[in-house]
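Following are the structures in question.
Two complexes come next, and they have one chain in common, subunit A, joined by subunit B in the first and subunit C in the second.
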Partner chain A sequence: MNHGFLIAAVIFFPLLGGLVGRMAGFHAGLARLLAATGAVLGGLAGALLSGDILWHGSRTVVTWPWFGTGYTLTLAVDPLSAFFLLPVSILTAMAAIYGAQYLGFHHHTGPAGVGAAGAASGVAGRGMVDPANVGLFASLLQTGMVLVLLAHDGLGFLFSWEVMSMAAFFLIALDDANAENRSAAWTYLLATHIGSAFLVLFFLFLGQRAGGLTFAELARATLSERAQALLFLAALVGFGAKAGFMPLHVWLPDAHPAAPSHLSAVMSGVMIKTGIYGLLRALTVLGAPPVWWGWALVVIGVVSGIMGMVFALAERDVKRLLAYSSVENIGIIAIGLGLGLCGRATAQPAMAVAGFAGSLLHVLNHAMFKGLLFLGAGTLAVTTGTRELDRLGGLFRRMPATAGACLAGVVAIGGLPPLNGFLSEFLIYVAAFQGLLGGQGFAWLPSCLAIGGLALIGGLAAACFAKVYGIAFLGEPRTQGAAEAAPPPALMSFAMITLAMLCGGLAVVVPVAVPGLAPVLSVLVPIDGQTLLLELLRGGALLRGVLGVAILLVLLVGFLAAVRRRLLAGREIGQTPTWDCGYAAPTPRMSYTGSSFTQPLNDLFEPLRAGTVDRPALSGLFPAPGRLATHPADSFVGRLYTPLFTGVETLCQRLRWVQAGRLQVYVLYIAVTLLVLLGWNLW
Partner chain B sequence: MNLLLEGLLVLIVLTNLLMLGSSRLGVYIRAGALQGVGLAFLFFTGEGGWPEISITGLALVTMIVKGLVFPMLLFRTIRQAGVRREVEPYVGFTASLLIGVAAWGFATWVGGRLPLPGIIRSDLLVPTAMFTIFTGLFLIIARRNAITQVLGYLVLENGVFTFGVALETSTPFIVELGILLDIFVAVFVMVITLFQINREIEEIHMDTSRLSTLRD
Partner chain C sequence: MVIVNALGLVSVALALVLAPLLQGVIHRTKAFFAGRQGAPVWQPYYDLARLLGKGAVYSRTTTWIFVAGPVVGLASLLVALTLMPLGGASAFLAFPGDLVLMLYLLGLLRFVTVLAALDTGSSFEGMGASREVTFAALAEPPVFLALAILARKTGALSLSGIMSGISPTLWVTAGPMLALLATALFFVFLAENARIPVDDPNTHLELTMIHEVMVLDHSGPDFAMILYGASLKLWLLGSLVVGLVLPAGLPWFLAWPAAVGGLLLLAVLTGVVESTMARLRLHKVPQFLVGALIMTLLALVLGAR
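This part shows the complex of A and B:
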C-alpha cells in the first residue's frame, strides 16, 4: 500500500473537509456533512495506515524540505506512532459521524439550576455556536493530533502540538457567551502553555546537546545523569499537563463539559493520550532510564488514579465526572508505564513487557470506552436537557440502544470482565506481581503501591459507574425532561453502538493479538526480539485464560437470565412503588440519588476533598422546611491553585500604577530603558 | 570639512531647538518640514560628486513627502480641529530648551564613543542624529497635543534617517526606502485617526491626556 498517499490523506482529508465545510457555512447541514466526511475519510486512511504499519512492523519516513528556510519537516510512521494513530483515527471518525447529527439537535431547555446552565453549554447549535466553526476546529484538532503522532523532528512536533492545543482551545471556547466556558478555556490555555513551555525547553536543550532536532539525532545525544534527569522532569511536566497527571489535571474537568460532547470524547479519549505518546517518545530518546523514573510514574499514577476517582465519585455533572474518570485512567496508564520503566531499569523483562503492554492497551481501550461514554453523556444532555445526574432516571426503557451501548461502556471503564478495560488493567497487575517476584532491594515497593492503588482505584471506579448507570438509566425518571426523552437519531446511535462493539471486540481480539505489540514494544524495551516475543506470548496466554473465564461468566449470566425468563413465563408482571412506610405521596424524586448512593464513600474521603455541604438547621419536633446542598470541589483548585494565583494577582495589582494610561508615560518607559542601556553599554 | 554638510547639520540642530522652545503648532509643522528638506539635501553632500540615480530619486521623494505632503496633511488637520497652540505641556518651554541643551551634550558624548562601521564624514553627524532622536522622544513624552505627538514621531524618524545618511555605505538603499514608506503610512494613519477622534469627542481639543480614560 502506498504510505505516502495515506500520510497525505490522513493529514489533508480532515483539513479539507473542515475548510470547505467552513466555506459552506451558509448552509448548516451541508457544512456539517462536509466536515464529517473529511474527518471520516481521514480516519479511514489513518486506520489503514496504522494497520499496515503495525501488521508489517515496518516504518515509513517522508521528508518535506521547506525551501528558503533551511528547515526540513520529517514525518514518519513507526509502530509507536501507528499504535496511537489507530485510536485517534477510529474515535475521530466515530465522533464525526455522531457530531453530524448531534450538532443539528434542537432541544428544549431544561429546568432551572445547575443542570440547565450546564446542559446549555454542552450542547452545540444554541446561542452563538456556529456548527461550521465546530467542524473547522474539530478538523484542525484531528489534523493536529495526527501531525503530533507523525512529526519526527522537534520543530515539527512543537508546531503540531500547538496546532492541536489551539484547536482544542477554540473548541472549549465555542460557546463563549457562557462565563463558565470562558473561564474553562482560559484555564486550559494556561495549562497547555505551561506544558508547551517545558516542551520547548526539552527540545531546545536536547537538540543543543544532540546537534540536531530530528528524533533520530536527538536519540544520539550524550547526556550526563543530571541533564538526563532534568530533561525527564521537563518532559514529565510538559506532557503531563496535556495528559492530566495530578496536580496538572485541573483544566480537564472544566474543559470537557464546555466543549460539544463528541469533541469532549475526542479530547478525553485521544487528545490527552498524545501526552502519553509524547512521554513514551521522550523515553525513546533519553537513553537508559534510572529506576526512580519508574517510581515517580507509579506514584503519580496512583495519586492521579485514586484522587481522580475520589473527585469523580462526588460529581453530579456527568461530563465533569467523566473528565475526572479520565484523570483516573491516565493514572492507570502511568502506573503501567512506571512499572514498565522499573522493569527495564532493573533488567526484569517480564515486568517491563507486561507494564508497557498493559499501559499501551489501556490507551487503546480507554479511547474506546471513554469516547463511547462521552457520546452517551452528550445524548443524555440533548435528549433530556440536563447533564445533572440526579435529574435523570428511567432512561433504559426510553432509549434502549443508548442504554445498551452505555452499559458496555460502564462495564469496560469499571475494569470489569468480560470487557476490554479489565484486560489492560490485568496486564498491569501482572507487571506488578512480576516485580514482586523477581526484584531485589526495594523493588517490591512500587509493585506493592501499584497493586494496592489499582485495587482501590478499581473498586472506586466500579462504585462510581454503578452510580452513573443506575441513577441515569434505571428506576423512574426524576424530572419532566427525563420522562419525555426520546431515542437519539440513527447516526448518533450508530456511533455509540459501534464503539460498544469495539469494546467487546477488543476483549476478544486482544488476548490473541498481544504478540502483535512486539514492534511497538521493541523501541521501549531494548531486549532481544526472542525474549520480547516470549514474554508477550506468556501475557497473551494469561489473557486467553481470563477470556475463557469471562466467556463462562457471560454464559452463566445468559443461563440465569433464561432461567428467570422461564420462571416468570405465564405470570402477570406488574409495576408498583417500593414499600414506603405508608407514606401517602411518594414521587420518583424521593428515590436514591447519585449523591446519596456515594455518600459513604464521599464521607470516607472527606479529608481529601474540598467539597462543602450546606446543612439545614433542624430543631424541635416540627422543624421548618430546610434545604441540603452539596458542592463538590477539587481540593487542588481550592488549596493549591486558587491561593497561588490569587497571590500572583495581588502582586501584579501592586504594579498597576505602572500602567498609567498615558501614552507619554509609556514612551518615557521605553526612552529611559533605551537611554540607560545605551549609556551602560558605552560607559 | 564639508561646508554644505556641516551647514545642513546645524540647520537640523536649530530646527530641533526651535521645536523644543515653541508653543505654536504652525511653527512645529514648518520646522519639521524644514528639517525634512534639509535631510533630503544631506544626500547631495557626498564626496564623489552627483549621487547615483536611485539616491537622487530617494532624495526627491523625501523632499516631497516631508516638505510638502506631511505639512499639508497636518495643517489641514489643525485647521479642521481649530487648535493652534500647545497648552499646558508636561514640561515647560524654557525647561524643554534647557533639557535640549543637556541632550545635545549627551548626544555629543554618545557620538564620540559609539563604535560605527566605516568612516563618518563629519564629527557632527552622529551627535546630530542622536540629538534629533532624543528631541523626538522628548516631544512625545513632554507634550499633550496630538499633533505634537505626530511631530515628535516624525522628528524621531528624521534622526534615524540622519543615521542612515551617516552610514550610507553600510545601509542598503532598500532600508532607507523602507523607513520612508514606514513613516509615510504611519503619519497617514495617525492623521486620519486624529481626525476621527476629534470628530467623535469634540471637546478634547486633541489633548491626549484625556485618552487615559480609555485604559482598562
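This part shows the complex of A and C:
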C-alpha cells in the first residue's frame, strides 16, 4: 500500500466530505450522507494505514513544504501513532454511520416531537441543530485528531491540537439555545486553552533547549534534572487537561453530553485519548524518567478512577454518567502508565512492559465499549425522549438488538471476563503484582496502591453499570416514553452491534496479537528487543491463559443451558406477575430506581461528593405531601474551581480602574508608553 | 506459563461433591446451639434433588437475562474452582495473575445475579441487588490487598504458588501478619457468602435480606443452580481461608483430608458465629468490611520488612 496516498486519504476524505456536505446543506439528507461517506472513507484509510504500519513495525515520514513560509510540515506515522490511529479510525467511522440516521432524528423531532418530558430532562438537540454543521465540525474533529497523531514536529502538533480542540468546541456548542450547553462550551474552551498554554510552554522550552522542533530533534535535547521535571509537569497538566485527569476533568462531564451522542462517543472514546498519546509522546522525548513520575501517575490514576466512579454512581443522566466513567477509565490507563514508568525507572522490564501494554490496550478497548455505550445512550435518548435513567425501564423487550449490544458494552466496561475490558485491566494488575516482587526499599508501594485502587474501582464500576443496564433495559417501563419506544433504524443498530462484536472479537484477538505491540513499546521501554519481545510473549501467554478460561466459561454456559433445557422439557412452566410479597396492585412506579439502587454507595461516599438534597419538611402525624429532590454535583467544582475563579475575578475587578473608559486616559497611556520606550531606547 | 495439573481435578471433584455438605454442617451447628435436633447434614442435597425435579414459574416481566443469570453464575463459579488450589496440591489451572481472574469471575457471578434480580422489576429484589453491589465493592480491596501481601511474601503470583508458599516457616517468621490476613479473609468470607453478621440466610423478612431477596423469583432447576452455586462459593472462599491457615507441604494422602477437615471446621466456626451473634444493622456493615481492610493494611505494615 502506498502510505503517502493513505495519509492524504485519511486527512482529506473526512475534510472533503464535511466541506461538500456543508455546501449541500440545503438538502439535509444529502449533507448527512456526504459527511458520513467522507468520515467512513477516512476511517477506512486510517485503519488500513494503521494496520500496515503495525504489521510491519515500520514508519513512514512525509514532508509537505508550507509554501512561502519556509516551514516544512512533517507528518510521520510510527507504530505509536499507528496504534492510536486504529481506535480513532474505527470509532469515527462507526459514529459516522450511526450519525447518518441519528441526525435524522434530530432533524425530524422538533420541540413538539420530543415532548414536555423530554425538554425538561434535557434531550440533546431539539431541532435547532443543523445537521450540515454537525457534519462539518465532525469532519474537522476527525481530521484534527488524525493530524495530532501524524504531526511530527512541535508546531504542527500544536496547530493540529487547536484544530481538534476548536472543532470539539463547536460541536459542544451546537445546540446553543440551551444555556447549559453554552456554559459547558465555555468551560471546555477555558479548560482546553489552559491545557494548550502549558503545551506551548512545553514545546517552546524544549525546542529552545533542543534547537529544533521536530520530535527527533526534541529527543536529542540535553536537560538538567530540574528542566526535565518542569517539562514533565507541563506535559502532565497540558495533556492531562485533555485526557481528563482529576482534578482537570471538570469540563468533561458537562461537555461530552452536550454534543450529539455519536460525537460524544468520539470525544469520550478517542478524543480524550489524544491526551494519553501526547503524554506518551512527551515521555519519548524527555529522557529517562525518575521513579516519582510513575508514583505521580499511579496516584492520579487511582484518584481519577475512584472519584470518577463516585461521581458516576450518583448521576441520573446516562450521558453524564458515561462521561464520568471516561474519567474513571482514563484513571485506569494512568495507573498502567504509572506502573510502566515505575517498572522502567527501577529496571523491572516485566512490570514496565505489562504496565505500558495494559494501558495501551485499555486505550483501544475503552474506545470500543465507551463508543458503544454512548451510541446506546443516544438511542435511548431519541427513542424515549429522555436521558434520565429513572424514566426508562423495560427497554429490553422494546429494542432487543440495542439491548443485546449494550449488554456486551456493560460487561466489557465493568472489566468482567470474558470480554475485552478484562484483558487490559488484567495486564495492569499483572504489572502491579510484578512490581510487588522486586525493587528496592518502598518501590513496591505504588503496586499496593494500584491493586487496592483497581479493586475498589472494579467493584464500583460493576455496581454502576449494573445500575445503568438494570434500570434502563430491565424491569417495567417507568414512563410512557419508555413504554412506547420503537427500536432504532438499521444503521444505528448496525454501528452498535459492530462495536459490540469488536468487544468480543478483541477478547480473542488481543491475547494472540500482544507480541505485535513490540514496535509500539520499543520507544517507551528502551530495553533490548529480545527482552522486550520475551516479556510480551510472557504477557501474551498469560492472556491466552485467560482466553482459555474464558472459552471454558462459554462452553460451560452452553452445557448448563442445555442441561436446564433438558430438565425443563415436558414440565410445567408457569407465568405469573413478579412476586411482590402479597401486595395486590403493583405499579412500575414502585420498582427500584437508579437513584435508590446507588443510594447506599452515595451515602457512603457523601463526604467526597458535594451533592445536595432538598428534603420536604415533614411534621405532625399526617404530614402534607412533599417532594424530595437530589442534585448530584462535582465537589471539585464547588470546592476548588468556583472559589478559585471567583478569586481571580475579584482580583481582576480590582484592576478595572485601568480601564476607565475615558479617551483622555487612554491617550495618556499611549503617551506614557511612548515616553518610556523613548527613554529605554536612549538609555 | 499456564500450568495444567490433572491432579487439580480431584480438588474440583471434591468441591462439586462435598460443597453442599458445608451448608448442612452450618445448619447442624446452629441447631445444636439452639437446642434443636436439626435437619440431617445431607438436607442440602435433598433440597437440590427436589428442586431439580420440579418445573419452573417465571414472572411475565422477565426476559432471558433472568434465565441466563443462574446459568452464567454457576458456570463462572465452576470455572473459578479450576483455579483454586486445595490442600497444597496445585489447582487444575495455574498461571501468574490467576487470582485476579478468579476474583473477577466471582464479580461476573455477582453481576449476572444482580441483573437477573433487576429483571424482575421488583422493588424487593432491587433492594437486595443494591445492597449486594455496595458491600461487594467494599469487600474487593481487602481481598486483593491480602492476596497482594501474600504474593509479596511468598514470591509467587498464582494462587497455587501462593498457597504452596505458605509454609510452617512463614507462620513462624510472619505469624501475626498471617493471622491478621486470615481474620480479614474470614470477614470477607462471611460477607461474600451472605452469612451473619452481614446477612441472615434464614431471615423471613424480605426487607432485611440481601442475597436471598435477589433470588426470590427463581424456581425449580434455576433455583437449584443458585443454591448449588452458593455452596460452591462457600467452598471456594473457604478454601482461600483454609489454605492460608493450613501449612503447605503435607503429603497428598494427608493434605486433602486435612483441607476438607479444615473446611468442615470452618463451617462449624461459621455456625458458631451465626449462633452467638446477631446480624449487624445495614449501615454498620460497611464498618465491618472497612475493619477487614484495616486489618489487611496492618498486615501490610507488619509485612513491609
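Everything below uses one rule, namely that the second predicted complex is superposed on the first by the 600 of 683 C-alpha atoms of A that agree within 3 Å, B and C clash if a C-alpha of one lies under 4 Å from a C-alpha of the other, contacts with A are read in each partner's own complex, and residues count from 1 in each chain.
Rule of thumb we're sticking to: contacts are C-beta pairs under 8 Å (C-beta built on N, C-alpha and C of every residue); 3 or more make two chains touch, one makes a residue touch a chain.
It should be emphasised that the depicted structure is a prediction, and the values quoted were computed from it without experimental measurement.
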First (subunit B), second (subunit C), both or neither touched by A:Arg397: second
Contacts of A:Val557 with subunit B and subunit C, given as first, second, both or neither: second
Greater residue coverage of subunit A in the superposed arrangement, subunit B or subunit C: C
Touching both subunit C and subunit B, counted on subunit A across the two superposed complexes: none
Subunit C residues within the subunit A interface of the complex: 1-2, 52, 54-63, 65, 67-68, 71-72, 74-76, 78-79, 82-83, 93, 95-98, 100-101, 103-105, 107-108, 110-111, 114-115, 117-127, 129-131, 133-134, 136-141, 143-145, 148-149, 151-152, 155, 157, 206, 216-217, 220-222, 225, 282, 286, 300
Interfacial residue positions of subunit B with respect to subunit A in the complex: 90, 109-110, 113-114, 137-138, 140-144, 149, 208-209, 211-215
Parts of subunit A lying in touch with subunit C, wherever the complex brings them together: 393-394, 396-397, 407, 411, 414-417, 422, 426, 429-430, 432-434, 436-437, 444, 447-448, 451-452, 454-456, 458-460, 462-463, 466-467, 469-471, 474-476, 538, 541-542, 544-546, 548-549, 552-553, 556-557, 559-561, 563-564, 567-568, 571-581, 588, 590-592, 596-601, 604
Subunit B-facing residues of subunit A, complex: 659-665, 667-668, 671, 678-679, 682
